[in-house]
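Remarks on the structure that follows.
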Amino acid sequence: MAIGKKPIVVEQIRKTRMAEFLSKGRRLSGRGLLDYRPIKIETGLIEKASGSAKVSIGNTQVIAGVKVEMGTPFPDTPDQGLLIVNTEVLPISSRNAEPGPPSEDAIELARVVDRGIRESKMIDLKKLCLLPGKKVLAVFIDVSVLDIDGNLFDTISYACTAALATAKIRKYDVANEEVKATEEMVPLPIRTTPISVTMARIEDVLIVDPDLEEEALMDARLTLASDHDDNICAGQKGCPGGFTVEQIMQARDTALVKGKENRDLLKREIGLA
Amino acid sequence: MAIGKKPIVVEQIRKTRMAEFLSKGRRLSGRGLLDYRPIKIETGLIEKASGSAKVSIGNTQVIAGVKVEMGTPFPDTPDQGLLIVNTEVLPISSRNAEPGPPSEDAIELARVVDRGIRESKMIDLKKLCLLPGKKVLAVFIDVSVLDIDGNLFDTISYACTAALATAKIRKYDVANEEVKATEEMVPLPIRTTPISVTMARIEDVLIVDPDLEEEALMDARLTLASDHDDNICAGQKGCPGGFTVEQIMQARDTALVKGKENRDLLKREIGLA
Amino acid sequence: MAIGKKPIVVEQIRKTRMAEFLSKGRRLSGRGLLDYRPIKIETGLIEKASGSAKVSIGNTQVIAGVKVEMGTPFPDTPDQGLLIVNTEVLPISSRNAEPGPPSEDAIELARVVDRGIRESKMIDLKKLCLLPGKKVLAVFIDVSVLDIDGNLFDTISYACTAALATAKIRKYDVANEEVKATEEMVPLPIRTTPISVTMARIEDVLIVDPDLEEEALMDARLTLASDHDDNICAGQKGCPGGFTVEQIMQARDTALVKGKENRDLLKREIGLA
Amino acid sequence: MTTLINEQGLRVDGRRFDQLRPFKLEVGVLRNADGSAYIEMGKNKIMAAVYGPKEVHPKHQTLPDRCLLRCRYHMSPFSVDTRKNPAPSRREIEISKILREALEPALILGDYPRTAIDVYLEVLQSDGGSRCAGLTAAALALADAGINMRDLVVACAAGKLGGQIVLDLSDVEDKEGDADLPVAIMPNLNQVTLLQLDGMMTGEEFKTAFEMALQGCKTLYDAQKATLISKYFGKAEPPQQEVQEGPEE
Amino acid sequence: MTTLINEQGLRVDGRRFDQLRPFKLEVGVLRNADGSAYIEMGKNKIMAAVYGPKEVHPKHQTLPDRCLLRCRYHMSPFSVDTRKNPAPSRREIEISKILREALEPALILGDYPRTAIDVYLEVLQSDGGSRCAGLTAAALALADAGINMRDLVVACAAGKLGGQIVLDLSDVEDKEGDADLPVAIMPNLNQVTLLQLDGMMTGEEFKTAFEMALQGCKTLYDAQKATLISKYFGKAEPPQQEVQEGPEE
Amino acid sequence: MTTLINEQGLRVDGRRFDQLRPFKLEVGVLRNADGSAYIEMGKNKIMAAVYGPKEVHPKHQTLPDRCLLRCRYHMSPFSVDTRKNPAPSRREIEISKILREALEPALILGDYPRTAIDVYLEVLQSDGGSRCAGLTAAALALADAGINMRDLVVACAAGKLGGQIVLDLSDVEDKEGDADLPVAIMPNLNQVTLLQLDGMMTGEEFKTAFEMALQGCKTLYDAQKATLISKYFGKAEPPQQEVQEGPEE
């Protein structure tokens, strides 16, 4: 993530010092290489949304809201509802975030989060179909980034997951090709809880949950998401640097271990476990 | 109104002189504090529009055209027609008006004029409904600004009012959920004639109808619109300066007095009185 | 065509030399005044398109693809299909072509080519109507410009003509107000083969098919398209220079002669003659 | 049509005519911003952030003798009942402009020549009066950023509802009501820096509503000051929470 | 299909084959513009304004040895039967380009290095031939602005209608006709600076139509000159009003 | 649902699990570009062009100590089954970004301070794996442009299809399959510069697929080298054409 990178004067000396620390298994902040910062999750604060969650990882803070509307299915998937993820890096979130159309970074963020939800089959989109080929429910997940201190990928991903998992939508009855709204509110058809784990390589060391300073100095980034059966369901390498083959395998293992930890935490926080 | 502001070299000396004049109840142009410049109104010059009016106040000149189309009502007002006001500050109108998407100033202008028409209930939007929830008439009022010499708010507002009040639209018959166009042309369902009065504060003096030079030197602007029953139906304060509480009350009184005068003039000019 | 103009340092000396050559009936490249560069036409290379053609004139290279979709007719031509021509001057095509919305030049190109097809009645648009007022076929012709060395007008025009003339589209059966796709593939309803001829004036001499260097030095440009009955069906003068009345008449004659030659060549290349 | 005022003279949320909705003010809620504030006012939940004084981009907007003030009022897509397109609407552009003009008289912009100050308002949830609530929060964020100010700015609306002039319209009241009159003032300088009117009032009602709005502003101004004092002088209990007495739906 | 030519050989508006529509020219109609003109041609009502020579913005477009000419042809939303979106259409962008290229040969741009001249055409009401009418007005506005010119530019179209070549097509004639050939010339320099063709003609018809358009240009050129003389040398009666004799619908 | 693997263990186009589609590589195919390449990979037909090192526009993007690398992946409207809007989609913007980041480690950007290199990919026809094919062509175009590189970059995907890990998914396989794992490497430097995953795999399958993709990259890397040698050292027969043995639909 380049957002928030520029303000920091990246002194080589700082990087050297960070690398020294990392080679001894420590980070400048005192965290262990595979430790996340504190993760806080608050759901339901936007009453006008079907679901919402404010998530912070360390000082990084985002809010996600879920809205559900009637829509028309895509011609090639007439029996599936729609899922639309949109991320806005608000200008309030950083000295470097400008108002305007979404940057390349914001688009990548939204698309990776979208794939994590979609490919894990978190939501059973077929259950959002009301009249095949004609009427389906469209689930909009909008994320507003409030404060940036590194690792937007995971913060946004957890906020989306928490907002979806706690959302309540109107139940519709379908009879004789007619859709009728009922008074009943039901949860979304949730199948699993995908959890992303973002790792950074700095020199030869892999760490999880990079903060803003670590992002400014990292050589490469890798996000891997997994579901509750330990399947890997989305991946995205970023930054103009590479990984060795061995580092990729190490990252896979870390993603599964930390993914399980964070999934348990998230489910606990939102009252699902 | 910032449009047209920049070209004028605002010398403090000029402002001092203007303030001196104003404190004696006079303006540099010789006008009294509460005098409008000559107002000219010509209607019907755009035969292809349902209604049109070219209005000038002093050297400021705008043209408004009304088009009526079929439309779909908003879900929350299924029994009301649509009203869309759009203002374009054409590049022909001033050395400082650039082509391109509407500026913040143009958007404010259009929205204030829109509110003046809408909130005064000048047009009975319910009478523009043909099939509730399905088909209504949409009234587009487009304003092209031709020449700028101050007080665009009132010039545009009067042009819209005159164009609407003189518009003729096709009559539609509705039977068995079918809409049929007739040959008959009828006026729009007009209830009242809202008239805005724009005032400027320069130092401690309130004037009406500021010209371009006065706008360049004014501290704050206030537009208040009233209807034929002396109700105030729209207001907008502008410019980075304020008014005292007493000045607001004084402005209210002036808006009602000058509003009545200008309403009479406008109705006379367009043949309604 | 200004595209590709700027990189060339237009030395007056070069122009003088070119003019000298031209006054003797020769061109710097050795071509005669009314000679085209080699024209190459390859069709059918985009299997996913209904029709496609890659055309080069000298080093200028473009590719055109035809897509056919269902559409709704315009209200004023309820019994006609739709034709949409779009040209993109890709950034791969020249050091001066920037990505982004189409430039003024690209829009002019697309519109002139569109008129050449439309006004020659090359495609019988009425035969693309399935349900009058409701359903028609929409023919999209998209052109991607790959490499620029002058005379984009003709290169694009020939690519569009070749792609359309060789396109195969699904046959639709219409019965009881229902449209049913069949398995059969049929050609588009082609009536004629319009061919444009682009001429440039440099000083007092008219040449055909200007290359990039000649375009950089030309005073004015004229494109005239003709159909197989020697009707002139589209024209466009370009560049900030003029033609004498006599030059216009001379251009008319050249357009008809060279048009016939190039039409024969094109039909031969695509297997229609 | 809802009955907006019941037989006891109370409004649908149990308020009296001249009563504000419950509100909550906080300052210093964001890490990156130079100044920030958060307001809840009824169901409004609005975040305000200030960046600056800072270098001007694009450069040609630089003012040689003073600071360039910019303001952006924006609604999150989930902030309203029907999802809002995230691109700025004409409404948001207009409100951004009048909020900037309402804040500018309070700022001593001459103290920061050749720089810019950006004021960002993000409406996370919208209720009636979001422009006023946003403005009140923006003034706090500017103070939190340490910008030199002549006075705070504070805003509140009054309106007309079933023939009655009332304070601080909620969403449903705004929709069903007859008029809304948002007002912003600099309380110590006795200057009105924002005034709009949507809807119809007699001249007399205009006066009544205007004065009621001024009263609302004064209550909120006290809360603004208390919030700043609590933040910077460490009072144990931030006093800005005004608990609602009447019944709430 | 309307009958475009009746048994007397007259057109739907009563004109002969080679007759222009009634027209009206004015100069100096706007206060702010450096030069301006207004034309009515049939139902066309077009305002032309010229600003310049002036500083170039953005600066990187500056030409070191001559003036940058820019042109914008734009239609007001109410100018056509069905409301036009105010954003520039592809048609308007193309026309703006060819009008600029038609005007440029007449201007001595080398006299104004490092500056820009903007020519704005606003079509308040559109009829057939609006690009030609606009061009004729633009040349007047340039002259009114005092720009150094080699010649005026004047434009007129001829077309084909029911097998007949006719001058100056109106809207309905353009829609129902077979071909339209707009032409612009610099009359004294014998240069064709605009030529377009939409629709089909034989080579012979092309020649006939082209020559008819040149005749139309000459009539309008006389009117242009008279308008300028009347403005600048104060003739009592501006002679540019050509009253139509035939019956009009 | 198509049967993606038949009883002989072959895929719908007759390929074995670990077999690439037929492909074709060319360099130096455009006249204006500083470097260019063309790839066919299955039905993918992609043109790559490189312009640079060149002056940076807009200037403020200039990097004082190295070259600015830019990348644009774009699909022609006719490249897919249903016409694509020519404006860049969010998908194209994301792919452009990750392709740039996949190429950057291979380039010695410090050799060209204060300049820019533009890499343009135009997908004329799209099949499964167009981002990988485009990347393989982009590396060739960069080499053709003579840019200093540490290594080539080469890309290939593996995926999961009916429970089986397979190499280089075609369009239909991608749509019906369970997962797609595109990978790019710098073969000599043993660096993975692109990795994405769409779809579900166990940790073990991830390893198998990743290693299969690396094998595919190596085959394509040999073809890249052969193509460059053939172009620059004039071997009679360019060896990069790998003819498909199995039956094709």
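Note that the chains are named A, B, C, D, E and F in the order they appear, and that numbering of residues resets to 1 at the start of each chain.
Keep in mind that, in the parts below, a residue touches a chain if its C-beta (ideal position, glycine included) is under 8 Å from a C-beta of that chain, and two chains touch if they have at least 3 such contacts.
Note that the structure is predicted; figures quoted are calculated from it, not measured.
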item: Any chain in contact with chain C as well as chain D; value: none
item: Angle (degrees, nearest 5) of the CA superposition of chain D onto chain F; value: 120
item: Farthest-lying chain, centroid of Cα atoms versus that of chain D; value: C
item: Computed distance of Cα centres, chain E from chain C, in Å; value: 27
item: Mean-CA-position distance for chain E and chain A (Å); value: 59
item: Distance from the mean Cα position of chain C to that of chain B, given in whole angstrom; value: 48
item: Between chain E and chain D, distance of the C-alpha-averaged centres to the nearest whole Å; value: 53
item: Multi-partner residues of chain B (each touching 2 or more other chains); value: none
item: Overlap residues in chain F, where contacts from two or more other chains coincide; value: none
item: Category of the chain touch graph - line, ring, star, complete, other; value: ring
item: Circular arrangement of chains, read from chain B onward through chain D; value: B, D, A, F, C, E
item: Chain D-touching residues of chain B, taken from the complex the two chains share; value: 104-105, 107-108, 110-111, 115, 119-121, 222, 224, 227, 230-245, 247-249, 252-253, 256
item: Partner chain E, residues of chain B touching it in the complex; value: 45-49, 52, 59, 61, 63, 65-67, 69, 86, 88, 90-95, 99, 101, 140, 142, 144, 146-149
item: Residues of chain D defined as touching chain A within the complex; value: 30-33, 36, 43, 45, 47-49, 51, 54, 72, 74, 76-83, 86-88, 118, 120, 122, 124-126
item: In the complex, chain D residues that touch chain B; value: 69, 90-91, 93-94, 96-98, 100-101, 104-105, 179, 181, 185-186, 189-203, 206-207, 210, 214
